[in-house]
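Written out below as C-alpha cells is the structure these notes cover.
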Amino acid sequence: MDRTAPRDAHAALLEVQDLKVYFPIRRGLLQRKVGEVKAVDGVSFRLWPGETLSLVGESGCGKTTTGRSIVRAYKTPPTAGRICFRGDDGQVVDLAQLGDAELKPYRRAMQMVFQDPFASLNPRMTVLDIIGEPLLVNGIASGKELEARVAELLRRVKLPPEYMRRYPHAFSGGQRQRIGIARALATGPRLVVADEAVSALDVSVQAQILNLMQDLQAELSLTYLFVAHNLSVVRYISDRVAVMYVGRVVELAETSKLFAQPRHPYTEALLANVPRPDPRLRGMRIVLQGEVPDPANPPSGCHFHPRCRYAQARCASEAPPLREIAPGQHVACHFAETLTLRGAAAPPAVA
Amino acid sequence: MSASHLGTLPKHIQDELAALEREEASERAVATASQWRLMWWRFRKHSLAMVSLGVLATLFLVAIFAEFVAPYNPMAVHATRTYAPPQVIYLIEHGRLTWPFTYGLKSTVEVETMRRVYTLDYSQRIELGLFVRGEPYRLLGVIPTDLRLFGTRDGTQLISVLGSDRLGRDLFSRMVHATRISLSIGLAAVALSLVLGVTLGGISGYFGGRVDMLIQRLIEFIDAIPSLPLWMGLSAAIPLTWPPLWVYFAITLVLSLLGWTGMARVVRGRFLALREEDFVMAARVSGSSERRIIFRHMLPSFVSHIIASLTLTIPGRILGETSLSFLGLGLKEPIISYGVLLQDAQNVRTVATAPWLITPALVVMLIVIAYNFLGDGLRDAADPYA
Amino acid sequence: MNDLLLEIEDLKTHFFLDDGVVKAVDGVSLQVRRGRTLAIVGESGCGKSIMARSILQIVTPPGKIVGGRICYHRAPGDVVNLLDYQRKSREMRAFRGREAAMIFQEPMAALSPVHTIGSQIVERLRLHSGASRREARALAVEMLHRVGIPHPAQRVDAYPHQLSGGMRQRAMIAMALICRPALLIADEPTTALDVTTQAQILELIRQLQAELGMTVVIITHDLGVVAEIADEVAVMYLGQIVEHGPVDAIFHHPQHPYTRGLLRSIPRIEDVTRARLDAIPGAVPHPYARPGGCPFHTRCRERIIHQLELCTHTAPPLTRVGPLQQARCWLHEPPGDGQRGAGHAAEPALAIIGGQ
Amino acid sequence: MTSYIIRRVLYFIPTLLAISLVTFFIIQLPPGDFITSFEARALANGDQADLERAAQLRERYGLDQPWYVQYWRWFTGVLTGDFGYSFQWKQPVSALLGQRMLLTFLLALATTVFVWAVAIPMGIFAAMRKNTLGDYAVSFVGFVGLATPDFLLALVLMWISFFYFDMSVGGLFSPEFENAPWSLARVWDLLGHLWIPVVVIGTNGTAGLIRILRANLLDELHKPYVEAARSRGLTEWRLTAKYPVRVALNPFVSGIGDTLPGLISGATITSIVLSLPTAGPLLLQALLSQDMYLAGSYIFLLSILSVLGVLISDILLAWLDPRIRYQ
C-alpha cells in the first residue's frame, strides 16, 4: 500500500466534520436535564483509504465516543456534525443522522473491534453464531455457506476452524480478541474502528494482536481508525495521529512528525510522560501538573491552559481553532509557530 | 521472530516453531457447553437445592395424580370419624417385619362435651395394600379407573394416616387435593406477575427516561403498601355468589396484582446493564435490528435470572393464598387449598384437641423452604459466566 | 550482606478451589535490599500480586501460604520470620500497620466509600502510634499536604468519590505512609491512572522514598514503569521468579527467554520502523493446566531451537548468570551427568536471537 | 441533605393521593350501593334514626354524583379527620380508630426494634463465620423463619402456652387492664404481653433481613477496601465492623423500608389470630361485613404508616451514605 499517495479531498474514505456528541446530565425525580457532558465537542478529520489514523488522549478526552459515534454504535445519533462516508459506489453519504434502516447498507462497510475481549462477545453464543451474525443479519450468507465463511474468517485470524462450535468462555483473552476481529471482518468492511483493541491484553499477547492487525490491513486493504491511550502502540501502528484533549482535537499530524516534533504543548507533555522501557531514560519526564478536567465543566478558552507551562493571558479567554500550520500538520494552539517543543527522543546509544 | 533468523534451522525445528505459533484452546468439556449445561453443572453442586428440586417434583406429581394418590374422595363425610386421630401404620408384629397394617378405631361419645373419644381396637387388624381398588374416578380427568395408590385391603374399612377433620373427612386425601390447588395457584399468580413484570420492567429498562421514572415510582409505591390488608380488601370484594373456578382466578389476580414489582425490578436492572454491554453494541454495529438485539442477545442473557427470581416469588404467593383463605377471605369450600384446610385450625381449642389439623401448615412450610432453596440454587447458577 | 530488609525463601501460596489447587506462588525466593526499589513484573495471572499479599499475610481463604520463609530484618541482626506469626496475630497486625504499608491499584475501590479519607488516615495513626485524635488529625493534614493534595485542611474531610483519580491515589499514599513504614508495597499503583497522572504518582513515590528512606516493592506489568522507578527487577511467570537482577542488566542483558520475549514484544515510542513485533507465541496457560518441567517451555522458542528435551519434564533451578543476576533456565545450567543436549552451547546459540 | 429530605417529603404527596385512590376504589368495590342495603335494613327494622343517618350520608358523600366528586368528598373528609361512618358499629369511624391505630403503630415499632436487634448481630455473625456450623444454624433458623406463616407461629405459640403453661396469651392486656385508663401499671402490663406478637411478627422479617445482611456483607467482605484496611493492621472484628458492615448496612437500611410493609401485613394477621386490640381484627370484621368506610380507613392508615416507614428509611439511608446525599 502506498502511504505517500497524493491526498485528494474527494478520495477520503471518511470525513468527519465538526462532530459533537453531548450527553445530558439528568437529575432528580423528574429527570430534568441540568447540564451536559460535551464528550466530543467539534471534532473534524479525514481518513484516507488504507491508512491508519490513531485517536489518542487520556480518559475522558472523547476518543472512544468519537470512534463509536462514527460507526453509529450508540442508539441516538450524534448531537451535531457530519460523518461523510464514501460508499462502495463512490457516493458520499452523511451517516450522522441516518435512521436504522438507511444506515444498514453502510454498516457492512464499517466495523468495530472492542476493547474488552470478555464483554464484547456474547457468552451465550457459539463462535459460529458470533462471527456469523453480521453475515446473517446482512443477508450475506446462511446455512452451510455461513459455516464455510466463518471457517475462512477463523483461519484468517489464525484460529483453528474446528473451534467454531465452542463458546467464548473456552478461549483466552488473546483468542477472544481474534474472534472479535474475525467478527469485524465478516462483512468485508473497508473501515475498522479499533477501540483500545489491545489495551486489555497482556504485553506478549498484545504484540500478537498488533501483528495480526497489521497483516490483515495489508491483505485486505483496510482503513483503521485506532483509538488508544498507549502512545507506544500508536506510534507502532499508525500513519497519522490525532491527539485529543477534553473533547477536541489539539494536534493532528503524521506519526513520525508528531512524535519527533510535536507542535502542541499537550502533545509534548504526553510524549514526555510515556513510561519507556529503558532505564537510561529515567528522569527525562516533564511531569505535568494538575489533572484532566471534567468534560462537564471544562476550563475556559484553551482547555489545556491551566496545565500548560507556556500559557499566556490569551489562552484563558480565547479557544484556539485547529489550523493547518504546515501541510498535513494541524494544531490548536495560539503559539504553535513560536514554541519549540521536545519530541520523543531516542535513547542514548548503548555503550 | 523474523524469518531470517530461522532460515538456517533444520526443517523439523521450523515445523515445531510453527506449531508453537498456533494457540491451542483448552480441550476441556466446557468448551462446547452451552449456558444451560453450565448452569446445570453449577446448580448440581448445591445439594440443598437438588433435594428441594426432588421434593417439589414429588409434590407436583402428587398434585397431578391427586385422585390416584388420595385414598378417598376429599369430600366424603364419615359421621363416625369426626376428629379421628391419625392411625399409626405398623410394620413390625411380634418382633418380625410384616406387611403394613393398622388397627381399627373404636369410638365412644363423651356425654358432657359431646365429643367423640377414640381408642385403638386391637382386635381389628386392618391390612393395608398398594394399588388397591377404591371409589372410581377419572385419572387426569380422562381415564376411568378405581385404582388407588394405597388403602385398606378389604376396602370397607378406613385408614386415615393424618387423621380426620370435624366432618370426619380424611385429612390426608384432602391435603393431596389441596396440594394441587396451592401449588397451581402459586404458579398461576406468578405467571401473571411474570407477564406484567417483564412487560413493565422491559419497557422501563429499555426505553429509560420519563417512562422509566414513572414505572419506577409505581413500583416503589406498590412495594410500600402492605400487601396483606390490600389483598384482604380486594378479596373481600369477590362476590360470594361466584362459582369456585371464578373465585380461584379472582384470587390469583389479586395475588399477582401486587406481586409483579420484583420481577419488573429484575428485568429492568438486566436491561439497563445489558444496554451498556459491549456485545450488544457489537450486535448493533453488525447491523442487527433492535428486535434481534432484544430477543437474541438481551433476553437469553436474563431468562435464567427471571426463572430464579420467579422461583423465589412463588412461596410468597402460596403463603398469601394460605393466609387469605385462613382468614376466610380467599378460597372457600368446595375448593380445597392448604389455607382452606387451615381454617379448621383457627382457634386454640381445636388445635389442642386435634393437633393434626396443623399438618397442612407444615407442608406449606416445606413447600416454601423448598422453593427458597431451589431459587437460591438457581440464582447462584443463573450467571455461569460470573 | 547486612543491608537486607526482606528475604523470601521458597514461598508457596496456593488457592484451594473446588476444581483443584491453583499454585499462585510456587517457590519464590527473593531478597529485597534496604532503601532500594524492587519491581516485580509479570503478565496477569503470574502470581505477583499474591506474592505481595503473602508478605503481609493478607491472603484470605481459599488462598493459603503453604510453605517458605519471609525473613524481615528489622535492623541488622534483628531478624524475624514473618510466617512464624499467625495471620491474625497482634505482631502481624503491628507489622502491617507500622513497619510495612501497601497501596493498591484502584484507589476508588481501596478506599471505603462511606468514610472520609481523613478518618481512614487517622485510624491507622491512632491504632499504631497512640497519637491523640487532635494530633492524628494534624498529622493527617500535614501528610496530605506532603503528597501534594491542595487544601489539605479541607480535603481531610472529603469522601473518596469527591476526589479525582489522581487525588485518591495520593490520599492512598498518604494513608500508607502516615506511620513512616520501612517497607512500601505498591500493587500496580499507576495502572488505573492516565499517563500524565501516572508520571506524577511515580515521581511522588520516588521523592517520598528519598525523604523517608523506605524500601519499595512495586508490582507492575508495565516495563516502562519498571524502567522508570526500579533498582532491581524480578520477573515472574506462573508463580515463579524466572529472572532477577539489577534493572540495567534485566533491560539490556536479559538472560531468560521469557524476559527477552517480553522486552521484544513491546512496541517502542522511538522505533521508526514498523517492523513486525516479536511476540511471544501462545498465551499464559490456564492455572489448572500448568505445564510440567519448566513452566515456560510451552511458549519457549529457544527450547525448540536448541532441542532441549529436559525442559519438558524437569524444572530448572535459579542460576547465577551475572554478578547480581539470576535466571531460571536450562540454557544457563548445564544438566549434570553428561545429559548435555544441543543446548549446552548456550552462549553462541543465544547470540543468534539475543539482542534487541 | 436538606434538599434531599424536602424532595423525599414532597414526593410523599403523590403517594398519599395514590393510596387514597386505591383505598377509595376498594371502598367502592363491593357490588351495589351499600347505603341502599343499610337503608333497606333500617326500613325493615323501622329504625327511623338510621334512615335519617343514611340520607345524611348520601348527601355527605354525594352518592348520586360522579365518582370523582364522591372521591373528593371522601378524601377531603379524611384529611380533616372524618373517616366516614361505620354501619356495623353505628359510630363515626374516627372514634373506632384512635387507640387501635396507636397500638398498631406501637406494635410495628416494637417489632422493628426487635428485628434490628436480632438480625444485625446474627447477619454479621453468619457472614463472618461463613460455611461454619454457626452460619448454617443461623441460615437454617432464617429459612424456617421465612417459611413459617405468621398465623402458624401465633397458633403454635398460643397452643404451647395454653397447653403447657395454661395461660392465655391473646390480647395485649390482662383482663383487669383491658379498659383501664393509661397508667404506669398498664404500660407494664402491655410490655408483658407485647413480646409474643413481637416475636411472632418479627420472625419473618428477621429471617429476611439476616439473609439480606449476610449476602450484602459477603459481597463486601472481599472488596479491595477491606483488603486495604486489613493491610493497615486492623483486627478482623474491628475492620469488619467499621468498613464492610458499615457499607452493607446501607442496603440493609433500605431493606427495612421493604420489610415494614411486610411487618404490617404480619401484624394484621397475627393480631387476628391473637385477637389483639389493634387494627387487624377490626379490619377483618369490617371486610367480612362489608363495613367499607371502616375497612377502607384502616387500609388507608396502614398504608400511610408503611409508606412513612419507607420514607424514614430512605432519609436514614441518605444520612448514612454520603454517595446518595451528594447526588
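Quick notes
By written order: A, B, C and D. Residues from 1 in each chain.
The definition used in the following text is that contacts are C-beta pairs under 8 Å (C-beta built on N, C-alpha and C of every residue); 3 or more make two chains touch, one makes a residue touch a chain.
Source: prediction; values computed, not measured.
Comparing each chain's Cα centroid with the centroid of every protein Cα atom identifies chain B as the most central.
If you compare A-B with B-D, the chain pair joined by more contacting C-beta pairs is B-D. Rounded to whole angstrom units, the spacing between the C-alpha centres of chain B and chain C is 53. In whole angstrom, the spacing between the mean C-alpha positions of chain B and chain D is 27.
Centres computed as Cα averages put chain A at a distance of 32 Å from chain C. For chain A, the set of residues that touch two or more other chains comprises 29, 172, 174-175.
Within chain D, residues 11 each touch two or more of the remaining chains.
Listed for chain B are residues 21, 23, 26, 217, each touching two or more other chains.
Within the complex formed with chain A, the chain B residues making contact are 21-23, 25-26, 28, 30-35, 38, 209-210, 213, 217, 277-279, 281-290, 292, 297, 300-301, 385. Residues of chain C that touch chain D in their complex: 53, 56, 58, 60, 88, 92-98, 101-102, 104-106, 109-115, 120, 123-124, 127-128, 159, 161-162, 172, 175. If you check the complex, the residues on chain C that touch chain B are 18, 275-276, 278, 281-283, 286, 289, 299, 301, 304-305, 307, 352-353. Residues of chain D that touch chain C in their complex: 222-225, 227-236, 242-243, 246-247, 250, 320-323, 326. Interface residues of chain B facing chain D in the complex, by the touch rule stated above, are 217, 220-221, 223-230, 232-234, 236-237, 239, 315, 319, 322-323, 326-329, 342, 345-346, 348, 351-352, 355, 358, 361, 364-366, 368-369, 372-373.
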